[in-house]
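Please find the structures below.
In what comes next, chain A is part of two complexes: it sits with chain B in the first one and with chain C in the second one.
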Partner chain A sequence: MIGAAVSRTLGSRGLPWVAGLWLVVLALSPLYGDNYIVKIATFVALYGVLALSWNFIGGYAGYPSFATGAFVGLGAYAGAICQNAGVPMIVAWLLAAIIVAGVAAAMGPVILRLRGHYFAIGSISLVEIGSVLASNWSGLTGGGEGLNVRFLPGGPDFIARFFLYAMLVILVAALATTIAVDRGRLGFGLRCIAQNEDAAEMVGVPSTRYKIAAFVLSGVFCGAAGAAYASWVGYIAPADAFSILLTVKVPVMVLLGGAGSVLGPLIGSAALVLLEETVWARFLDYHQAILGAIIVALIFFLPGGLLGLRLRWRS
Partner chain B sequence: MKPLLEVEKLSKHFGGVHAVRDVSFTIGSGEIVGLIGPNGAGKTTLVNLLTGVHRPSGGVVRFEGVDVTAQRPHEAARRGLARTFQIVQPFPRMTVLENVAAGALFAGQAGSRAEAERLAAGYLAAVGLDRESQRLAATLTLPSRKRLELAKSLAMRPKLLLLDEVNAGLNTSEIDGALALIRRIAASGITVVLIEHLMKVVLSLSQRVLVLHHGQLLASGAPEAVMRDPQVVEAYLGARFAARFAGGDAKSEASHG
Partner chain C sequence: MSALYAQVLLNGLMLGALYACIAVGFSLVWGVLNVISMMHGSFVILAGYLTCAAFTGAGIHPFAALVPVALLLLLLGYFLQLGLINRVVSQPVLTTLTLTFGLDMILYNLMNVWFEATPRRVTLDLGRLEFGEVVLPLDRAAAMVLALAMTGLLYVILRGSRLGRAIVAVRMDRDAAALMGIRVPRVYAATFGLGAMMAGACGALLALVYPITTNVTGQLLGKAFIVCVIGGLGTVPGALAGGLVLGLVESFGGHWFGPQVAPLLGFALMLVLLAVKPTGLFGQRGYE
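Our next item is the complex of A and B:
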């Protein structure tokens, strides 16, 4: 509904402004809210990054990836290990992004041979592999005991704001990349692949290369965000760094907002995080049941997401 | 005439099924060649081999003198080797204009999406689809989808265009429209290979006809001569009809085996 109303009044030309306005609302949260609100804004930004990332492979290329949890977990561990080895924090985040991009580039040619459900299963196995590696490679990862990351010195206000702006910077980078892809050759080629991969090859789209590019893009910002998350919370363990729930939640956000668009992931991630904070916190026991109900409702009633309502409204 | 496409002893088998067997021919620059054969003769497999969809089991394909046997479909497209699909393959949730722009951008000459859309509008006008340019491809009728398929391949600026049954499923007047269109395409300097079922199309357009049967090249030559070839008649209509058709030549027909 939000997306529909926004799109109707602004048309597609106005969409970047909506995104810009939303960034300002998040950035100004320390002015109108306490640290709890700032924390929520940081989570909105974090999930915005993950949703925009998934959108490259799941939205534009149409490949239902469940690798988000693997990218985030790998980024968190890579960042934490680098930081504990004495690498400055921001450099550690960049390194984490590069490492995740490298792993995505190496794994892409293997699992992108699969299509549809097979690809989904292949990608979800990456999360499990990551979790098993983190649990068992104790010398590097601390095993099941997890890994402590040095806290950033400073008061709670400073820390809350620092990580809000850190996440927002990553969000802006992911958003800028999305807009560039959406308007450029890559985005057009990926849309062709999503709609008919054989025909895409036949008009000259190098589909393998484009899919790998989309997969790497879907990993790189997750890697940075995962590393920043590890620095923020100060402690990571295998089960919550490589999270199956996260890997499912992020695609749901994008589908809720509208896959394959610039604004859809932002709307969907914001809607779900805010829902989670306001409503679900009061129904702790039914938390995941509600997520399940949303997935089912999405499939049946909103195949195009909230933004898709606009098309229906017109026709 | 310089050969544009050279095919040498091309074979493809799927397990024990020999879909294409030792097929050799050349296509000269500027020719219009018909490729005919009964159902299951291997016509579409042959097209798939020429455009990189399938990897040949044996043999060589050369395009402009370059060995392209191992190419991928997008490489074929960029080389100027375009095809249409027997079963049309539009991008369903894109507009007609975007469909054609994809061809212009990824295989044609467009440097940007804006330029691709500008060029695409021209190709849509050429096939008579300009009024549908903003519709979603999925909403087009079959004849319009065939035209879209043509516009898309034209936007790729091909040197050789393989038309795989572009006329299948069209009625008589639609076919006449399509024939005029193919003539214009050929006149613009594009070499055309027509993969066809419909004799009318092949006879009225082709300068030369290749006949494929059971994956092998059965005959090749001028359309009238090929149509009178008893082997070809037999492949299409069976031995008894061929014997009657050939009249006094019934004995020689037996020797073809």
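Our next item is the complex of A and C:
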């Protein structure tokens, strides 16, 4: 909520500039960096998409969703299976996004009736179910051995840049949708739901429809990003695609940046990816513990996220 | 045929007793503190590792290691709650859940460094009982009996002791309990400690029956979720019933549809119950 307030004080003028500048920095990474830097930029864009997606349901609507891993995994598998069936790559990504949106729309009415812990658990169980299905439906998914996806032809430079710009296109789509939601009726309604769902219902916010819309929005870009990720790495397995770690990491990114705002998810995902990349390289044995320590510190010292910090300095 | 079903039933009951023991501490913490402890699976595995280390390192019998290991986990849980989790305990779900997830990542990582992820177990080979064609391995039977005994012990603590009554009072109405002179933060810490203690006891028993490895912490946590949703929150009988139901469902489901499908059945049952009756089959309203 604090993040949202800052976003609004920063105003309609400041916001697109900051986000646009950030996109340019990512897009120009092939000019100032080698393929390793481009890979990091691609990851920043990927996690930016996931964080913006989670923000619809977790930030604006205030529902503690842990379904990100399920959406990404489903998107990755749907994209890979379509591609292996001969569908052109980008069409496969679009199909994956549509499939994930459909599943989110079908699951939404069931699990969005739950609140609090029960919703959290219902959404986490989607990840588990996806993982169990992917391991056991071996005819379709290759089971525990995973699934290979044909690599894109072209040199490593071309592939690195291609997937960077693919992720950036998805990121721009997610960002544009976020800005539209943030300024529109839907965003207003979702903020009302986050504050008090019963009261929102009372004053005429169609809460069920809005929540399902937010849930579908939080799935659709994850599906596309998951499919693009599968094409990028060329191999997916149940445990990596349907990852519990991912499903918690993405909300942490948004909390780090500031939930319920446009810039928060972008800031949080970039900060965590860069942090992880520097930590990962130095403490291979302890990277998970360090990430855990960052999460704990975040909860205690930065409850409003990095954007909230700005606000605290101001006031 | 009937012998086969008797065997499947027996396996389901043995599995169910362990599930009940895993879930009862988790359910207590969730019900009383309104905190989902993402560390629960890691607590179980930590206790399993300690039991294995005591067995291979010093030759301590797992049944003898059970009490000290459980007490160690009790202390760990008590101080974690008192020092860290109590500070955010009244904040929204996302905060407490994320915090315990962060703590779990630290514990998980440390376990991988200290103990290495290679699966290990304690092999006692106590022999087996045979009733006609139905086989009852004694080590599993002992684990089941002890799991039920620990669950019963928690019930007795909650029903009979001063602390137990305080926990139940806080669970019913925190503010009223505080007005009656109960020190709520201490009760929270004791509750979290008891939850960790149950996980510890269960881990010691699990080391007898299954290989101990950090890879299964998430699965154990998943079982605890499912049992809570089936049985309802915060009561020992609920967790017991939920555990047995899940054990039987997995055992019979595995028998009829193949072992790969068994874990899926638990989650499917949970989703249906969440949609239809979120208080659990045996839960009461008004405690949420």
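Simple rule for what comes next: the second predicted complex is superposed on the first by the 302 of 315 C-alpha atoms of A that agree within 3 Å, B and C clash if a C-alpha of one lies under 4 Å from a C-alpha of the other, contacts with A are read in each partner's own complex, and residues count from 1 in each chain.
What we mean here is this: a contact is a pair of C-beta atoms (placed from the backbone, for glycine too) under 8 Å apart; a residue touches a chain by one contact, two chains touch by 3 or more.
These numbers come from a predicted model, not from an experiment.
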First, second, both or neither for A:189, with chain B first and chain C second
first
Touch check for A:299: first (chain B), second (chain C), both, or neither?
second
Between chain B (first) and chain C (second), which, if any, makes contact with A:278: first, second, both or neither?
neither
Just chain B (first), just chain C (second), both, or neither: which does A:132 touch?
second
Looking at the overlay, does A:199 come into contact with chain B only (first), chain C only (second), both, or neither?
first
Partner chain in contact with A:148 - chain B first, chain C second, else both or neither
neither
Per residue count on chain A, the busier partner among chain B and chain C is C
Can you pull the chain A residues that chain B and chain C both touch?
none
Chain A-facing residues of chain B, complex
51, 53, 72-74, 77-78, 82-83, 85, 89-94, 98, 101-103, 105-108, 113, 152, 156
Under the stated contact criterion, what part of chain A meets chain B in this complex?
183-185, 188-189, 191-192, 195-196, 198-207
Chain C residues touching chain A - in the complex, by the definition given at the top
30, 34, 36, 84, 87-88, 92-95, 97-99, 101-106, 108-110, 113, 218, 222, 225, 229, 260-261, 263-264, 267-268, 270-271, 274-275, 278, 288
Which chain A residues qualify as touching chain C in the complex?
58, 62, 64, 110-111, 113-114, 116-118, 120-122, 124-125, 128-129, 132-133, 135-136, 244, 248, 251-252, 255, 285-289, 291-296, 298-300, 303
